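Just dropping this structure here.
Letters A, B, C and D mark the chains in the order given here, with residues in each chain numbered from 1 onward.
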Amino acid sequence: MTISINCRIQTEDFSVTTEYQALQRPDCGAVVLFSGLVREHFAPIAPLSCENTSAGVDRLLALELEHYPGMTERSIIAIAQQAAARYDLRAVTIIHRIGVLPVHEQIVLVGIASPHRRDAFAACEMLMDFLKNEVPLWKKAHFQQSSAWVEAKASDKTALARWEQRPS
Amino acid sequence: MTISINCRIQTEDFSVTTEYQALQRPDCGAVVLFSGLVREHFAPIAPLSCENTSAGVDRLLALELEHYPGMTERSIIAIAQQAAARYDLRAVTIIHRIGVLPVHEQIVLVGIASPHRRDAFAACEMLMDFLKNEVPLWKKAHFQQSSAWVEAKASDKTALARWEQRPS
Amino acid sequence: MKASQDTAVLFFASLREAMKTPNLNLALENPVQVCELVQLIATQSAAYAAALAGRELLVAVNEQLVTQQCMVTPGDTVALFPPVTGG
Amino acid sequence: MKASQDTAVLFFASLREAMKTPNLNLALENPVQVCELVQLIATQSAAYAAALAGRELLVAVNEQLVTQQCMVTPGDTVALFPPVTGG
């Protein structure tokens, strides 16, 4: 069974349409896509309530993504291969953007094509958890008045642990 | 918090691009899309091996989707509301096609926009499990030489049970 | 004797094909259980009896999924169908 | 005395900003543990010591994540960075 793995780190935007079409396989009944976007109301540590944000508390303008050229690309291919070893996948696409990404911009795309939906869902969610914990990428939040590096969330580590408990 | 629920039963094809754009919300960092397609090598009961299929065993031409007009639409809205009551969702799109769908055609789309990826993934997967078990839709497989109604899979019932065990 | 009221019974998918009709109208006088209603249809013809026999059936009354023990009131719409396979 | 070989140490994200440089070259003569290498950098200046102190650091040696106890061989590329936050 061949599997096509397509991983890219890029500054330019990606097209969900193009990637969705490229993922399709005649023997795949399921395509799952995850798209991560820069949302408003982003708080680097403690979440701000909507009321505070709209009342003029420092507003997020953009996220800046830094990576480790070489290692980041290799890490992403490595996690794609781990997912492919664990689930019945036929195509995996991972695109992560770097540089300055204003609010509403697309940051990351994970796309999976599989004969069966459960494999596609599990692999997509696993890859997002691995991306959040194991790939050298760092976010800096640029607010109107200040900037701050985003701190790693405990909930992302917890999410990662799920994949260690499950049988492969 | 407002939530937009968009459910449709239709014979015509849908555009993942259009639905993806319609799902995006300024406060949503996560969009998860599931697209189900008519795959080759489809077997209504026991799976055929690829060897058999390519060796000329009865080949799938199309799936035909039957529904219960009125109840199907209401059931889909009901499951979307159940997902929205359980997870932090801002937009839900469910489109299910009916009629004759040749191989490679799109059958179903479930799209979720949420502030957080875990809610988006869980709701999307829950909705697919509910669609497979609780919504009046039936597939008939048209092969080159014969036709057969698709039988319900035990694995889909098992998948459904997961949502009963989890806390809401 | 009470006036009877038409109760529509709809069939879908493989059951519709086996029944060779998408629906029947039954003149019910009193409420009956779904399972009694199915028996009633089976007594109408050997073909119906054969179509309904030994088959896992789901039931909706007025577009709500119910059990075979649910009561059907004259005038209700009943739907009988095999386990669903959409998605 | 052995010839020393340049060992590149890269810094990323908040650590890069705190160190005020994206990299340093250390002339190592013998293999050292990562934690010893971090100590070595901290002794070079008070600013480096402050940047490295009390911070959760991840380490990659030749682009592979390793622990602080891992040995660094002269000529390796070491990267130090805070916990990742991509995705």
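Assume a residue touches a chain if its C-beta (ideal position, glycine included) is under 8 Å from a C-beta of that chain, and two chains touch if they have at least 3 such contacts.
None of the values given here were measured: they were computed from a predicted structure.
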Contacts common to subunit A and subunit C (chain labels): B
Greatest Cα-centre separation from subunit B belongs to chain D
Hey, how far is the Cα centre of subunit A from the one of subunit B, in Å? 23
When the C-alpha atoms of subunit B and subunit D are each averaged to a single point, how far apart are the two points in Å? 50
What's the distance between the Cα centroids of subunit A and subunit D, rounded to whole Å? 27
Chain-centre distance (mean CA atoms) for subunit C and subunit D, in whole Å, is 75
Which residues does subunit A have that touch at least 2 chains other than itself? 36, 128
What parts of subunit C, by residue number, touch at least two of the other chains? none
Interchain contacts (touch definition) - all pairs: A-B, A-D, B-C
Could you list, by residue number, the parts of subunit B that touch subunit A in their complex? 16-17, 20, 24, 26-42, 50, 103-104, 115, 117-118, 120-121, 124-125, 128, 159
Counting only contacts in the complex, subunit C reaches subunit B at residues 10, 12-14, 16-17, 60, 63, 65, 79, 81-87
Of all residues in subunit A, those that touch subunit D in their complex: 36, 65-68, 70-71, 74, 96, 107-108, 128, 131-140, 149-153, 156
